[in-house]
Every structure is written in structure tokens, then in C-alpha cells.
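Structures are listed in the sections that come next.
Next come two complexes built around chain A: one with chain B, the other with chain C.
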Partner chain A sequence: MTHDPFIPTPHRIVEKRQETLDTVTLVVEPETPFVFAPGQFNMLYALGRGEVPISISGDPGEPSRLVHTLRAVGLVTDALAALEVGASLVVRGPFGSSWPVEEAKGHDVLIVAGGIGLAPLRSTILHILRHREDYGRLAILYGARTDHDLCFADDLHEWGGRFDVEVRVTVDRGSPAWRGRQGVVTAVIDKTDFDPARTVAMVCGPEVMMRHTARALRAAGMKDEQVYLTLERNMKCGIGQCGHCQLGGELICRDGPVYPYPRVAPLMRIREL
Partner chain B sequence: MTDLQRMLAAHPFAASLTDDDVARLAELACVETFVPNQVIYREDEPAREFLLLQSGRVAVEMHAPPGVVLLESLDAGATVGWSTFFPPYTWGCDIRAIEATEALAIDGVRLRPLLEQAPDFGLRVMRALLATVHQRLERSRLHRMDLYQR
Partner chain C sequence: MSAETASKGRAGGRELLDALVTTLIAKGYRVMGPRREGAALQLEPIDDVDQLPWAVVDAQGPGRYRLEQYEQPVAFAHGPLAFSMRRLVSPPEERLVTLRRKGAELAVEPAAVHARPTAVIGAKGCDLRALRAQDAVFRDGAHPDPRYVARREALFTVAVACHRPADTCFCVSRGGDVRPDPDDADLLLTELVSASPRYLLEASSDRGREVLEAMPGDAIGEDDRVRASGQDHAAREAMVRALPREAAQAALLAAEETEDFEAVAERCLACQSCTAVCPTCFCLTVEEEPSYDGQASTRVRRRDSCFSPDFSYMHGGAVRGSRAGRYRHWMRHKLATWSGQWGLDGCVGCGRCTTWCPAGIDFVAEATRHIQRQEET
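On to the complex of A and B.
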């Protein structure tokens, strides 16, 4: 059974993980399985403050657990991040387009994420790992501000320990204890083992990072058509009715948030939008 | 091809160099290894060679009392040591091995006059150098933007 995306439904928080100083993962267990595709998002409601779009960061193959990871940056996300186990999380969704996990079958997959951008891609990674034999090489490139800002550190360790996944983590500024890479995430692309002709890249992070990643992928021999990314704009209804998330001719809540790069590249170049 | 030539040819720095160019550079190259934490170059010391990293990782650092600021880390495939090419031919920052690192060290003092004597060769080497400088400049601009706070 799928959930009615028009009806906000409260769920009890059963688990809370502090990913970083300002980022938490909240887990709820819906009474009926919550079916979603990797890359889709829900509208999460904070009492008296409003509703915000948050991607589903859990495993699509485990619909009994609904997982969101959010960074506290303002009015609503601050309130949501302060919720504790036992509190109620009001969810409406799922909405939007998904990462091209079907199209990517038989291909190498390159995941490039920056900061909280790993959250919507985590569901895709978990999906690919669950169906590992359907895909070629899998590389995960992840950049964060500092080593203390790395989300999903346990997952990164686990994925990095597998023989069939290449994980490359880099930070802008490492603490004195950090012995990993320091530099922007685009710098690790040319160190990664992938065949540009048979790779699908999925990219999520701040827009500047995504534009430059697309550029670095082009320099590595990939075509823009092989690159997918997500766009973020403020949202209200989440169902293509209010026009709040409009960008050019796109309603991001309905047509996105995941897009093939060539479809949105011209929009991303317009300064006023 | 000698082993040195093969190692050199496989490095991204040599991507647009000819076989003859590689052979010329190999004449000036030797393999160097560094242990973790070893300071490879220190700011203001003479810059006599540059490195084509083969494996491991190095840190580009600046001494800024009371500590040291790590500016960037570089992995296999990187070119380290542009100061070899430009006056005053001294290092602009410190280079330290983070992990056990192997590199091809190319003698810049002997290379410099060769670049002048054989302008075609010189142009190709300078292009290769400019490609790495261009890439690193782009990255350092992105780095300055504090991307992930946006």
C-alpha cells in the first residue's frame, strides 16, 4: 500500500542519530510500508513553524523504516532537529522524481556528494548495494567542510571496507587528527577508476559544486547526458499546485528534484533565478 | 622503454608529451620514497626538483605560528614542485608526506636550460605544467568558496 501524499501522517520517532553538530537522522516506523524510490522526498511538518522538503535517506528495500537526515539551518529544520525519540514526526509524501537506478543497470555508477547532499544519495547507494549484481563498478566521492562535518561516517567506513565499492572522502579543512584527503571533491574525480563511456554519474550538493562536478566529469570524458543531479528550491505544496518551486518551465517538486543535467544546465546558468 | 620511462609515461603530467620528451625527462629522473610525516621540502629552501607522485599522499602546508596550516593534500597522479621552474627557485611552502609515498623526482636545475635550448620540448613541458596549475587554481577557487555551507 502506498501512502496518500496529500495527507500529513504523524509517526513516532524510534531512533535519532546525531550525524554532526548540526545534522541529525530521524527514523520512524510507519504502520504500513512506506514505498518510495531513491531520490524522492517528503514534506516534514514542525508544529507552528511550517513544512519543509527533506529527502528520504533510508533503504528503499526496507519500507518499514522511514529515514530522514536533516541539517538545522533555520526555523523549521531547527525545530525538526530538536525532536527526540518518542516525539511525533508529521510526514507527507513521497514526492518527486528519482535517481535513474533503472537506467543505470549494467553501467558503472559514480556518486558525487557534497555535505548534506549525501542524504538523498544514500538511498540510492543502499539500493545499488542491495542489487549489487545489476551494476558495474560503484564509486562514492564525498566532500565535506571538515572531518567533523562528514555525515554517515559509519556507512562510509562500511562501504569503504567492501571490495566492490570505491570510496573517496575529502574535506575542505581537516582537523589536526585528519589523515585523509584535503581538497575539493572535484579533485578526486580524476583519481577514480571508472570507464567514462559506460558510467552514470549522480551528483548532489550545493549548485556551484554540482556545476563544477559536471565540468570535471566532462573533462574526464563523460557526456552531460550521463550526469544526473538534484535541484533545490523553496517548496510549499510539494505537488505541483502552488508554483512556489518554479524554475523556468520546471516545477521542481513535480518534475524534479532529480534531473538529467542537460535539461537543467541552461536554467542553472541564469543569474536571476 | 626503460622502467623509468614507463613510470613517467603513465603519469598524467606526461599525457601530452611525446616519447622523445619522456625519454629526455627520464634522463633527469629518479625514484624517491618518503616515510609518513617526513618533510620533503621546506619553505624558502632551494627548489631543485619537482615530483610526479606515483603512490601515497603528501600535504602542502604553510608554517603559521603557533601551528601549521594544511592547505591541500595531493595523491598519486599529482605534480608537486612548480617553484623549480620560476625565480627565485625556492619553495613557497612545506611539502610533507602524510603516508608512505613514492615519486619520480625530476632534476629541475638540469631541465631548465634544456627547455630554452629545445623550444618545442620546452613548450610541451610548459603546457603540461600549465595544465596542472590551471586545474589546481580552479580547485583552490572552489575551496575558497566554503561550498558546503551554502
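On to the complex of A and C.
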């Protein structure tokens, strides 16, 4: 019989990291290597509550470890964030499209992320770092609401310490203790040194942030075709069968969530689509 | 009897239908056909041709459905049944899996897949084309649904040529026809209308040929074929409703703003009747049925509708919060965006959404308004 796409697989949680007050990273070690492409997502299940789409935030080059980072914002994610080491993480996937890591070979890469939006891009960053020689310059621009909302702080420190990565972190509102940059992430684009002609930009964050970013990148001389972003909608299946994730004709779980910007730009402008 | 004779089909009176039902039952099928259920004709189990709606027809219009007496003693003079065959391949509700706490971990218990061999007599061309749409979603993509695939394989279809389309039908303008595409069915039935109707049965699949071979009957004659095509022609002529595919698609693609749908949204009750009866609609949700002690939960897949506000819920609100936004989505999906998603049409022209709309919203008239507006600009 054909494999049943609705039957999930439980994996034992081997590691849990508290990223911020409301965000955790959960690591499992699947029995068979979990092969995925950076940008893809899984459906994660919480007993009696349901399933939600969560991006894979781990290293695609290390398929023995499956990593998710999620923010507790409601019914299902609250329960997932409360799972402890030893408990089961129930997973279906991987689903969806991926960041253009092949197309970006030989190019500079500009990563622009807002908040939890760094999760799906972290897998791309790890991929690029693993194949560093295939890519040109790498810049990571990361914005969060406050310094307490910065995810992946250890990673950011490590990447920022390398000579072959440029990391710029900014927060909308810093706490009194914050000595870093303050302001929206789009404002950092101007300050970043990249050659618009040979750069591929990968953007993930709230929809307004992505729209502003796309505009700023255009102002910086990039063409829309060089910009990729991910979209988010309600998802009940992840496999193009429930209809919930439609944006116009797009089935975001199947055709996305990663899109070349020109394909979805007209759709993002239409209210309530 | 030789395979060649079988492939030439069978002809006969009402006794041919008798033989068909008996043969299908003998082959292990549950047989279903049109049957009067209260005030409507429904697709129901039958074991005797007497249960078919002899001399009963439906009068359908926007928000209107009535059964009437027909002057001819025939069984297939009716329009689309209230519910299509979609229920047989995608049931309104089904269990997928149970998750159960085992210490700190969760165990996965997949639900059994049931597929009862079922034969439908009187499948219409529109509904058979709608099954292609369901196939595209649940069978032919990257993640075939094993429940769907099993039920689809267990479904045997006896198509029937429509000789009396309902007033709400517009399949021809959607690329369909009163004579179903034989490739969509196992057998194709023609009812030649008269005071003593005659039936023609032709096979278009191996399964269909096997059934035909087990049946008695005359050969189909040249005069039978002439009568059949005359009837087809008259039925096509009688279908005055039309919603041209390209024009409707272009007009609805252009109708992007919710403002364009505010007038119809005033009348729309968002009751989800249209998506419930539409044979191509496929949307689903998956819900939890927890055990009393919270130690287990069964995931149940249920039919869903884009007219529900929860359908597009995301962080604290629905994306399509207004009724106009939801009506726009339904109509644009059916007529404009579907083909890009699935490579075929989202509306087969069965007219059910119009008949079963309690507010009497005429889908064709509403879409035509968009076409006219497009032509004016």
C-alpha cells in the first residue's frame, strides 16, 4: 500500500534549548536520517490539540538530528513548547519548497530575518557555511522586537565572530541594558555592503516586514527576481489537500512556502486574499 | 459469448437494467442509484430497479428544487442529484489515526482503511468529470491518500447520457457533454425515451466488459445509435445556460477586490451549502477527538468550507474576515485559480450550488455579471 501521508512519526526529544522567554528549540534524533532541504517545514502534533506547520531550523547536512524552533503563541505551540526531553515529538514531513541554495551558488547571499523568521533561514545559513566555498559574501541581517526576543543568540555570536560572515542585529526597542543597534531591520540594509548585481536575498519575517524589505532591496539596486521570501497561512495538511493555505491560486504548503518574490508580490497586495 | 460481442454492447428493455443490477450484485458490488428520498432524489443503495425514480423528474432553479411527475416511464430523466459521488470517495468524516500516551512517549495507531466495492448506476458526465478533479487532489499528486485511492479503485461507474438536463445545468459550456466521456466510466448507459424505454449498455473498461459479458441482451443496432445521437443533440440544444470557461476565468482573475463581491455578499448567508454540494470541492480539516482521560486522541478528517471564518484563521484573526472576501475566494477558486492549481477545471457546470443556495444566488448569473463588467472596461 502507498505510504500514508497523514500518519506521523514520533521521535524522542533529546535536547531542549530555551531561546527566549517564549521560544524553544527541540532536537530529536530520528532512527533513519531525516533528509530535508533548507526552508522546508514539518507538521508537529500536540496530543489532543492538533498539528501546526513548523520550519526545520537545523543543518540539512546533519540529517541524524532534526531541529525545530518554535514560539509559544497559542493552543498547539504552547503544548509543544512545554514538551521536555524524553517526550515524543510527533512529526509529519518534510513538506514544501526550499530556499534557492543551488541557484545562489557563486553569488553573494543576503539573509534578512525578523523574529522567529530566522528559524527557516538558520538551516540555509548552516548549509551555506558547510559549503562556504560555493558562495560569495554572506550577510545576515536580523531584527527582533526587543533584545529579549533575539533567537539563536549563540549562533549569532559565533557567526558574527567569523571573518567570512557579516552579522547585523537590531531590535525595535532595546531594554536599558541593550548596547546594540536599535531600529527596524530594513534600515540596516543601507548600511550593509553588498553588490546588488550579484546578490540573492532570502527574507523571512512578518508580511509587512517582508514587503518593506523587498522595497528597500529594490531601492538598493536589486531586482525583485533576486529576492526570495516565505509565506504563512493556516495549514491543516501540508500536502495540498486541505485547501486552507491558499493565497489566490497558490497552495502555500505545496507551491511554497519559499517563493521568488515576483511570483507572489501581486498577491500580497490584495486585501483578504 | 465472445469478447467481441460484449464489446459491441447490449440493448434491451427494462429487463436489461434488471440484469445489470443482478450482475453487479453477483460480482460483489453494493449497487447505488438515484432514488427518491423524501422530497429529493439522492444517490442511495438499490437492489431492485423498481427503486429507481420511474417517471419522476426534478425541477431545479436558483434556491428551488421540486419533484414532479414525468410523462414518460423512464428512470433517468432527472438532473444532478442533491449529492454527487464525491461522498463515496471522500466521506464527510473519517478517522485517520489515534495517538496514545505510553509513559513519556506517544504511540501511533493508524485507523484501518475501508473500501467497499460500490457500483453507481446513472453517474452523470458532470459528476464523472468532477471525480477527475478529486483524483487530481487526492490520487495523482506527490502524496496520494491511501483511503481515497482504495475507495476510488473500489468504485465502479455506470455512466448515463443525460437526455433531459435540469434548467440549472451548464456542463456543455464547461467543456463537458450530455454524453459522458466513456474514459471516465466502466459502462455507459443510454436510455432511449418512449412509452416502453429501451436501454443501451456499452463497456469502456476491462471491468465493464467483464460485467457486460455476464449479461444477456440484444446487440445494439444502427437505429438505436441514430436515436441515441438524436436524443443527445436535443439535450444539448435544450441546455441554454452557459458560463464560458475562458471568459469567466479572465473576468474572475480581474475581479481582485472584495468590493467587487460586496453586493452578492449581502445576500450570501455563508451557510456552506454550495461547497457541501459542489462535486469538485475538496477542502478538509483535521480535528481532535480526545479520550475522556486525555491519554489518547483520535484525529478525524472532516469536510471543510472556505465559507467558514476559521478556515483562514491565523494569529488572532481570519485572513478572509469578510463575507465578501470569502465569496470572492469561492468563485475565483472555482472559475479562475483552480486550473493553475490542478491543470483542469474547478467547475463542471452541474448547477448544484445554485439549486441548493437557500438565498437563491445564481452562480452563473453572478459570474456573468463579472464577464459583462470585464467586457465593458
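Keep in mind that, in the parts below, the second predicted complex is superposed on the first by the 267 of 273 C-alpha atoms of A that agree within 3 Å, B and C clash if a C-alpha of one lies under 4 Å from a C-alpha of the other, contacts with A are read in each partner's own complex, and residues count from 1 in each chain.
One rule holds for everything that comes next: a residue touches a chain if its C-beta (ideal position, glycine included) is under 8 Å from a C-beta of that chain, and two chains touch if they have at least 3 such contacts.
Keep in mind that this is a model prediction, so the values were computed, not measured.
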item	value
Fit or clash between chain C and chain B when superposed on chain A	fit
Contacts of A:G249 with chain B and chain C, given as first, second, both or neither	second
Touching partner for A:G136 - first (chain B), second (chain C), both, neither	neither
Residue contacts with chain A in the superposition, chain B compared against chain C	C
Contacts of A:D4 with chain B and chain C, given as first, second, both or neither	second
Which of chain B and chain C A:R181 touches, first, second, both or neither	first
Spatial angle chain C-chain A-chain B, Cα centroids [nearest 10 degrees]	130
Partner chain(s) touched by A:P33 [first = chain B, second = chain C, both, neither]	neither
Shortest CA-CA distance in Å separating chain B from chain C in the superposed model	7
Chain B/chain C common contact set on chain A	none
Residues of chain B defined as touching chain A within the complex	12, 57, 59, 67, 70-77, 98-99, 138-139, 142-143, 145-150
For the chain A and chain C complex, residues of the former touching the latter	1-10, 12, 45, 47-51, 73-74, 86-88, 90, 232-234, 236-237, 239-244, 246, 248-249, 251, 254, 270-273
Residues of chain C that touch chain A when the two form their complex	96-97, 99, 101, 104-108, 110, 113, 137-138, 141-146, 149, 256-258, 282-288, 290, 294, 296-297, 299, 301, 304, 306, 311-315, 319-322, 325, 328-329, 332-333, 336-338, 340-341
Residue ranges of chain A touching chain B (in the complex, touch as defined)	114-116, 143-145, 149, 170, 172-174, 176, 179-184, 186-188, 190-191, 205-209, 212
